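Report on one structure; see the data block that follows.
Chain lettering (A, B, C and D) follows the sequence in which the chains are written, and residue indices restart at 1 in each chain.
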Amino acid sequence: MSSARLTATCGPITFQNPVLAASGTFGYGSEFEHFFPVASLGGFVTKTLFVEPRDGNPAPRVAETSTGMINSIGLANVGWEAFVKEKVPDLKATVGAAKMLVNIAGNSPDEYRAIAARVEGDRERIGCAGIEVNVSCPNVKEGGTNIGCDRDQFQAAVRGVRQETSLPIFVKLSPNVTDVVPFAGCAMDEGAEGVSLINTLYGMQIDVEKRRPVLGTGSGGLSGPAILPVGVYWTYKVRAAFPDLPILGIGGIATWRDALQYLLAGAQAIQVGTAAFVNPLACVEIIAGLERYCSQRETTITELSGAAHREGRLAEPATWTG
Amino acid sequence: MSSARLTATCGPITFQNPVLAASGTFGYGSEFEHFFPVASLGGFVTKTLFVEPRDGNPAPRVAETSTGMINSIGLANVGWEAFVKEKVPDLKATVGAAKMLVNIAGNSPDEYRAIAARVEGDRERIGCAGIEVNVSCPNVKEGGTNIGCDRDQFQAAVRGVRQETSLPIFVKLSPNVTDVVPFAGCAMDEGAEGVSLINTLYGMQIDVEKRRPVLGTGSGGLSGPAILPVGVYWTYKVRAAFPDLPILGIGGIATWRDALQYLLAGAQAIQVGTAAFVNPLACVEIIAGLERYCSQRETTITELSGAAHREGRLAEPATWTG
Amino acid sequence: MTPSPTAAGVFALPLASTADIAAGTSWLRFRPPPDTACEPGQFFMLSTVAPSPVAYLGRPFSIGDVRDGEWFFMLRALGRGTAWLRTLELGTMMRLVGPLGVGFARDESKVHRMIAGGIGLAPFLFLARRLRTEQPEAAIELYYGERDARSHIELTADEKELFDTVERFTDDGSLGIAGSVVDGLENRWAEPEVAWYGCGPQPMLRAAAAKLEEHDVDSAQFAFEERMACGFGVCQACIVPNRYPPPRYHLLCTEGPVLEIGKVAW
Amino acid sequence: MTPSPTAAGVFALPLASTADIAAGTSWLRFRPPPDTACEPGQFFMLSTVAPSPVAYLGRPFSIGDVRDGEWFFMLRALGRGTAWLRTLELGTMMRLVGPLGVGFARDESKVHRMIAGGIGLAPFLFLARRLRTEQPEAAIELYYGERDARSHIELTADEKELFDTVERFTDDGSLGIAGSVVDGLENRWAEPEVAWYGCGPQPMLRAAAAKLEEHDVDSAQFAFEERMACGFGVCQACIVPNRYPPPRYHLLCTEGPVLEIGKVAW
């Protein structure tokens, strides 16, 4: 149980603390039970689920970069049916007081609609608090354009999900666009309760001995501390544009200070991914750090969220650099 | 003098080796003379120059991030006239056998045209080998949309420069777009001799004690080892799309292995920025490392450039991650 | 005895000692809290508590030996991360996540035969130590190959005691028998009542598997290697193709690292 | 004597020794190659040769003392990077870029008066040492303030010898005179033939500059601080507003870190 100071309200969902396990980095929960009680987290986001199971990409699937990594897992997942039958019973027990968000995706706007319908149909059985919509997928029918980077497809995918479910929806935004803000606006306009940001950046590593890309698929998604400033930037921009849109901040968070950067920039809660690979206790340490910060300064997560905007110090983040 | 193995041919320009000093990170050259002979570099790119001098942004202008930094210098520069009168004489002497690229920018496509005309007018006096066009500037007349992130303004800026000068042009691309490839294509179509990539990523850091952004302008540009995989990715993609378009690879290069990643991904030469702040000898060490690699393996920079494509191992970098 | 995965933990421990045992190869020693059980073939993810500039992710290492309640890891510097781990000062606070994965099943057998290539030797001292206690009558054999004498890890007298036979091979003949372990085993693949264990480079394991198959040996436990980001089943990095899909892949860190060779699509 | 910037270099040197001198404060010692000249007030950018996970960029430190050809830096742990630098093991290979910037001009004067706040003490031992040799007749005075006795850096007997007067202040009165250096100097601002030097937190420097101005003292050399990425004039990070623009800003790392106070727009 976290103290009341840590309560994090993200639109319709209240988390006992603002620290969530990010999609694809905490498996189906039980893997972490050896290390700490997953129920002590604010929330838990499942690996992305499709209607059909996916094997994912060939090896190598990961490569280490400077304070980060690239991955090309390829959204390997057991598929909806196996998830509900084989994973959910344990997962529900594991997640306990933490809120579960089911992360979903598809290969076309229609597939998003289909998986959302499945979640809606099984919602009682799963006991999830909401849905996170991962739009970082290529539309296989339209020749691989990434759904999260194309406004029309993005809109169609979110709309389809909204039509199928009354569960709270968080749309997980890709940073691989010219401007994340209009995507957040579009999600809001389509009736999403909030946004999660950011997913991974495009990245590649070359093996200089073998003279070819390290990953089996060539390139992958960059995550880890390296990308922290990028996630904080977009959190700040989205919060400035839509002050009432709840944000789950993600990207490079490894310490309570990192988490606090996102909260101050405008997130209501945050997610931890890559850092938990290196230090499975990262979330626990972050919760403890935030608890200490809040009680020493007699403040709350709710008060801190977006506080960097209240100083009125900057009109608009610089578009000038260099 | 570098060995012949290191000769780097980038369209019409031949560099004695593939290691260039990046814009805005090597001042006007003389600052590095204490540390090593700048003339031993492949090339030298000047700080971005405008027609008029610019003071740049208020402090703090830099903040350290995980293996990187964000900066909001704001393109402080002495302006064209002072550059030619006060800086060029020393700079020419300093640069010597290294090739000088003059980096230029403006606040609107018209200003790009104007500064290009000035370079053309003074080209004999300066003795530069070419122009690098920095498009990472907001168009102040059009309310701050970044010229490098807007196809129409980008095209207008490059076209203006091309019309004013017959010097080789390298357009320096921003990674803050959904897809860098069409910008490279546009630069090529407008008659640019090549592209430089990448400039900095948008980033922000929040001071968790003061609860406000660290940089005076709020946000800045992210550089350093953290962004290496992003630059390598876009180098690979641009080379795949336009095999004959010369590329100067930039972003996070600190070691010869990093440099080689860019070369193998498709760059003909590379630039070093942030790494030279930490280790002023970074370029020298990179040149020595490449020299060693090439002679041990009896190969040349020309042969290595793009070699990661020749393995025929991947059809297309993955758009799937996660 | 089939090992059941023991509960993994996160341990922050100072590096207690290091000892060089061959070119680029060292023992790393730690003093864990009492009663933390490990099984031969299991592994730990090792990283430094202070974030590292060189290796952001942890690196997997087999539990190399357990003596007087202390943990030993046999570490060979092969790349950036391992080279850096070898340079750490005594007392450096390390993070050890484990024990992870499923180790070697130790069924009754007349002969336990281990084939090791290079640093593939790592899990076998501990395996032999356990087998000695559990099956005192069984013969324990080690066939261990290296590139050359410099890389060869010389066993201590105590370590040699763990085996009834130690046959040593080097590619260049600078120590032991010249040639590969697989060639050197020529006439012994068909021997009955042998429990086979393997660990080493992929080409060696593949060659050994081919020999075993050729001789109709249908069971052998090989410890595999694959890039790992987490080590405990959440990142899906560590895939090994499954001979009998679905699923298409095994997850090496939780189903392995020790796998029956029949399960793997080579 | 007006210092001319000496040629800077990149030195890779092992950390030769460290010594704690107050809460969170140490001396770091290095053995540079012979004949590398430094001027008081100049600084070095310090980093580790192996890239650091904690501090990617170098950090600026004044040359704190030069004795028997060895360099000393007085380092106070104030944030992430400095805390980490204080934990480095002896022998760690460090990169020292410098000497950088323009130090203190040392004109003839009857009295040389240094006002230091906290770690602002750093450049003054070396300045005093030089002045002692160059102007043996002049009086050298130090007014040094700290938060409390714990933070107070106790000078050694040899160091005290460098000064004719040492007045110590603490905010809480736990050592020396209670109160700030600026308050403590109340009646001495107007004294003639005093060369003023200052280094310390911005509010203290601002208060001192106001006092000097009030008393029509038109020259004083203060060492300033600003965030630096390079330290040698290429990144344009280290700006200090210019009292008489253009240009609007001084570049502290090359024009400073020591500036005549009249040049700065406070």
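By definition in this document, a contact is a pair of C-beta atoms (placed from the backbone, for glycine too) under 8 Å apart; a residue touches a chain by one contact, two chains touch by 3 or more.
Computed from a predicted structure; not experimentally measured.
Common neighbours of chain B and chain D: there are none. Relative to chain A, the most remote chain by averaged C-alpha coordinates is D. With centres taken as mean Cα positions, chain D sits 47 Å from chain A.
The mean-CA centres of chain C and chain D are about 55 angstrom from one another, to the nearest whole unit. Averaging C-alpha coordinates per chain places the centre of chain A 33 Å away from that of chain B.
Counting partner chains per residue, chain C has residues 51, 53 touching two or more of them. Shown for chain A are the residues that touch two or more other chains, namely 24, 65-68, 71, 73, 225. Contacts between chains close into a ring here, every chain touching precisely two others.
Interface note: chains touch in the pairs A-B, A-C, B-D, C-D. Across the complex, chain A meets chain C through its residues 24-27, 31-32, 34-35, 47, 53, 55-56, 58-69, 71, 73, 76, 224-225, 254, 274, 276-281. Remark: chain C residues 7-10, 47, 51, 53, 55-58, 81, 95, 97, 226-237, 239-240, 246-249, 254 touch chain A in the complex.
The part of chain D that touches chain C in the complex is made up of residues 50-54, 89. Residues of chain B that touch chain A in their complex: 23-24, 48, 57, 65-68, 70-75, 134, 136-138, 144-146, 149, 176-179, 199-206, 208, 210-213, 215, 217-222, 224-230, 232-234, 236, 252, 257, 260-261, 264-265, 293, 304, 307-308, 311, 313-314, 316-322.
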